[in-house]
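Presented sequentially are two complexes of chain A, the first with chain B as partner and the second with chain C.
What follows is the complex of A and B.
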């Protein structure tokens, strides 16, 4: 009986879809009617079992990265990157504050758009994730062992770090092209309407150390002042190149909505970065003063250091022929994606009626044959038809980004017509289309930007949610949809809310990462200057107005848990070492009136919370992470006395029951 | 009574030399499971040391007021290596002397030593499980926490499983060889 009802409902749904699909394009599609019949089974990850993929999803304006399991869509973790995270104390603890240091000082927020996973030979290697800070230009590196941000580098001469942090074929570089061209930092006081003369579009190449992953700003190209929007590294035959989409080749500095949409074609910039390296080796680079922060976190000292750098190597394209070429691309291209073979470059003109596909082989030939269509600020502009493989006709409205399944197909997100379109790269024919809910921005196939796509799913990351979930007032969640792409037709499997606004995301098989994740930090390797490696090492010291508490936490007490002799106006630094050496036993620390946050301390780690003794009296502190059956008892007191009082500095912890049993057995 | 056959002598010598391995392998193990420890916790007892997740087990046991498990708790660790060395030498002597009575004597020594070791282990377990702090956070009336001598036992939220580890089985193998040889010698040399 139930089956019959289900069948008739499905039939009804299908017929409604058929009726709906008779509507003109862009007039809304039948919600959910492309749902696969066995969708629930395909995304169900039974309790106690693991997802097949880790999905690293950018959080947009929340400045963070979330870790989602696929196909379930379950959020596993939020990794704080550019934004303070009160939950763990990231950006609040004394150790992590330097990570958010910039040339502007402490900048505790950013707009994180694009997740990029490290690659070796163009394939995922499961080592690091990178993400860009768009607002105060930065690139961060996240360890896929600790799932923590280990490094952040700021980018000078830049505004709006959007075409970033896409990597080259062996993760030699993560790039950072400025979306808002600006005058050089040291020559900034110019009239805004001198854009064409005085502004530059800097493109930064941040090198990634092969073994440590450490970042360094190797060089910047002083390219023409236009908006560099997105980028992709070449692969295979094109591995020495990286491609940037651009808009505002009109070089407007006001009302870009209109003024940057005038030209019929903007550009994709093709950069031969190997050539750039050659020019640097030949001494063509010029070191110029610059100011930017380079912040590194150490798992050994459990602390970050921030270094302000003072110069940067620049390469002027004028001195470097054959390094840069502009490829005309229709109507303000957004996405600029390279297929897994490295043969095709796909530009997505967001206002264009076609999707152009450029051929890398043709580009090489056209360069050799000098088939140029003039130049732009001295950089050759290629002849459009000489480099074009072909155009996908009537793909949909508002193409933004393209991903690949490794079977010769491309999947392009259509923001305006709110759909994903599947098409064949060689034949340029549209094969399938599915609606998204609503207005898809980025889309992602596991391994989609690599030479070896894992395929299986495509995920749409949407800008608008409207009626998809229970309403929550004016502010709604953003969302993603998961589609099965194993068959000819794409099938909707799941719709799940996301944390923050998802821009780009990359998914990788869980098997490449999960067995390498670390479970705790070894206490004997802890080199924090204020570590207490056991309760015997706990103490309280005074240095002027600074009081340092060398504190330990273990189930379920702090040592010391009674502190006296602190005076009004003192700065008290609680250096809390978690003595546990067991998996999943963090301890928290919170103290009344703290002007920052709490801290969560992982096993074997030391973190410091600074607290101002702002009133005379007794202040309690406690563990915030429910650590054991006696977690509620994990608390203590600190006494603050008048500045002129003679209460001596003392600290104390009671005798534990285990100590008592030890004493008894010794008798 | 005829002297022991060469094959028996070789078996006895090999069996006793097998015990050299017990210097490099754990003798006994205690495995623990709890809802919060689906992956389990494990502690190994060697001739002269403890290994495994002893500190984690200690951390958990402090709630019920148990003493720290530490190597000083086991004065046996100081003599056990000499003791086992003695057993090996006795085995070699038995093989050398070819005398069936001495073989019987050796088997008896081994069995008695095994019993003594088990008793000693039980005694440690009894003390460890009963010596509880009066100030323990969790006190369950009538409850003690003596680990099982051998086999499985539930202790509050933990299931404890106490069995010989690979080194312990070496002694069992030696015992089996001696019994087998004795049986073979008795059968073939009436």
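What follows is the complex of A and C.
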């Protein structure tokens, strides 16, 4: 038995060798000592069995969130968030359109960068995922029971919601630091070159209800006009704090590539958010006009509502001493990560030759001892050496982000030198380095940003793909790589393609989520205003030019499937209720010439597709989701007549056709 | 043994990526027990079911409500077959336990019961799991008896 296993291992080794030998040299061969000898075995998930982790991967410019299984790297689902998703009708159906409403009106797209999973006591609790909309500043909350977007809140006074939606120690808040400083929304018409006087770096604190997860924009800090980049909540001793990296402390408003890279050091902003709450309670806040949308989806009405809010509470740091401190950090820091103990804050200067590690204890002492190196617009700047734990020397080029394994080690992605570097936090020594293919951006360890990392793997989310997969023209898939970190040396296990451009991702053990997922919506609990609970309740009504079809679907017919009496120019609303009550029996609905998309209706759910009757004649509709052996027969007709016709509004399924067929066959 | 299967199944992929299809190993055996593993449970088999007369009118009403929402799109109250058979005289054609299991244990019935399998061949659509509890199914039976003229 053992012998046999040994033989197969040897065979495998040989095939690896063959693989390497036929790859051109220097083209990113993943072989040699980097690729684990037993890689295939470690990522193989046998048919019918499940992955060990859910990985929630941001979709970048596709505006969505992907759900990937680890270690297989298989994409399990794309959760539509900020971008219309024609295949399910997200953002096209009447129920989901309000989710994409903003103060600018309907915005069908965004750029989603960072996934954050909810935590309790700094540990994953498996309840919600959050993701930021970068372009039209928003934060979304996704239920990990339904894997659907339940809430989206817009952020006023912001431009480029990048340092978001990182959470505090008990998910009290998801934060949103503006990447672009902007003048206040209601005082915006100012010359761009009055940046220093008129622009502000707004940082939003969005509260998360402990029970429902509901979001509310609690307050905004009006900090100096710089660019906030990333953020991390404190943990343990630092749990009342949150840290933001920044760049452009030069306060340039043009050619930032050069002008924002002048100073030796930019800042990490340390925010004592508990202090901010105290100042709010003392009435230091100032309510200012602001316009932003707050959109909530209900699993009961299967519909979303969008509310436009009209003001926001702001806190001016000038009125709030001891709340904010700037920590100097070398050269345009990007990542800003807090280790699992909450004692160390790691800044990653994109252009720096070192990785500075700051000590939270030293920060507290330096604040007490007033070890300041001047101030920036009234906010104390800490003395660099007084708060520094130490610097990792020569870690690599272009450090971006750091994650943790819970064993005292940190893993930093190096964009320029295209590698992951493992180092010891206490000793600041480099322990191992492994190449990435190519140019890693974010990296992620399951539980890596929490107080309890699950470890086992680190995943590199790469910015450049090149030759890693079969070529597909100028546009290539995006690429991620899975490494084993259980040993002293990191070992490459797997390349896997991703959807959109992955920025940050968080992985969580499947066992924390999989048994809590819902499988269907109970038809009895459906409170959609146009639900038809059973074919008995199906009907067609007219209200002026609006025609409402209360339709049901079941394997395999619609009721009604023959509709007459619709007139040219009518707006027809197909409200489709899926009567099925079994897992994985969705029905689809598509109608010829629809200017929007289709809808996919889950068991027990109601969704609505609006369709304009734009021509006289017969239009077919059908089910798009293969539902049974008679799925192909799941189809129907709608008749459109001239505006002045006197065809009455009628609807039915079955009766007539079947009766006639019976009669004919009897004759 | 499992491990060997595992290794064998991985090998061809790797070799193929380099040397081409001619180097493929034999198709690996699949592990049926893994493939057939089903976590879903559609309720438990009901073995006995006692009927009483006169009909329980509360159950008749509850059964009718369930029928309207969850059954009517496929079953008529007449003899007419729609997706599934019409319900007229179903309580004389079938034993009550058979009907209840058809409602709550579809998987078991389609796997084991010859009559249920015959129905699938006729209708070509699996009797769906409509998430009906055995208590609710009991009410449906009462409504079926009412439909068949029992008092």
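As a working rule, the second predicted complex is superposed on the first by the 621 of 667 C-alpha atoms of A that agree within 3 Å, B and C clash if a C-alpha of one lies under 4 Å from a C-alpha of the other, contacts with A are read in each partner's own complex, and residues count from 1 in each chain.
By definition in this document, a contact is a pair of C-beta atoms (placed from the backbone, for glycine too) under 8 Å apart; a residue touches a chain by one contact, two chains touch by 3 or more.
In this text, all values refer to a predicted model and were calculated from it rather than measured experimentally.
A.B. asks: Where does A:555 make contact in the superposed view: on chain B (first), on chain C (second), on both, or on neither?
C.D. replies: It touches chain B and chain C both.
A.B. asks: Looking at the overlay, does A:581 come into contact with chain B only (first), chain C only (second), both, or neither?
C.D. replies: both
A.B. asks: Is A:614 touching the first partner chain B, the second partner chain C, both, or neither of them?
C.D. replies: In the superposition, A:614 touches no partner, neither chain B nor chain C.
A.B. asks: More chain A residues touched by chain B or by chain C?
C.D. replies: Touched residues of chain A are more numerous for C.
A.B. asks: In the superposed arrangement, which partner chain does A:426 touch: chain B (first), chain C (second), both, or neither?
C.D. replies: In the superposition, A:426 touches no partner, neither chain B nor chain C.
A.B. asks: May I ask you to decide whether A:322 touches chain B, chain C, both, or neither, giving the answer as first, second, both or neither?
C.D. replies: Neither partner.
A.B. asks: Is A:536 touching anything from chain B or chain C once the two structures are fitted on A? First, second, both or neither.
C.D. replies: In the superposed model, A:536 contacts chain C only, not chain B.
A.B. asks: Name the contact category of A:46: first (chain B only), second (chain C only), both, or neither.
C.D. replies: Only chain C; A:46 stays clear of chain B.
A.B. asks: Touching chain B and also chain C: which chain A residues?
C.D. replies: 554-555, 580-583, 628-630, 658
A.B. asks: Under the stated contact criterion, what part of chain A meets chain C in this complex?
C.D. replies: 1, 4-5, 8-9, 11-12, 15-16, 18-19, 21-22, 40-41, 44, 46-49, 520, 522-524, 533-537, 552, 554-557, 559, 579-583, 585, 628-630, 654, 658
A.B. asks: If we count contacts the way the header does, which residues on chain C are in touch with chain A in the complex?
C.D. replies: Chain C reaches chain A through residues 1, 3-4, 6-11, 13-15, 17-19, 30-31, 34-37, 40, 68-70, 72-74, 80, 82-83, 124-126, 128-132.
A.B. asks: Show me the residue ranges of chain A that touch chain B in the complex, using the header's touch definition.
C.D. replies: Listed in rising order, the residues are 554-555, 580-583, 628-630, 633, 656-658, 660-662, 664-665.
A.B. asks: If you look only at chain B, which of its residues touch chain A in the complex?
C.D. replies: Residue positions touching the partner: 39, 53, 55-56, 58-63, 65-68, 73, 127, 131-138.
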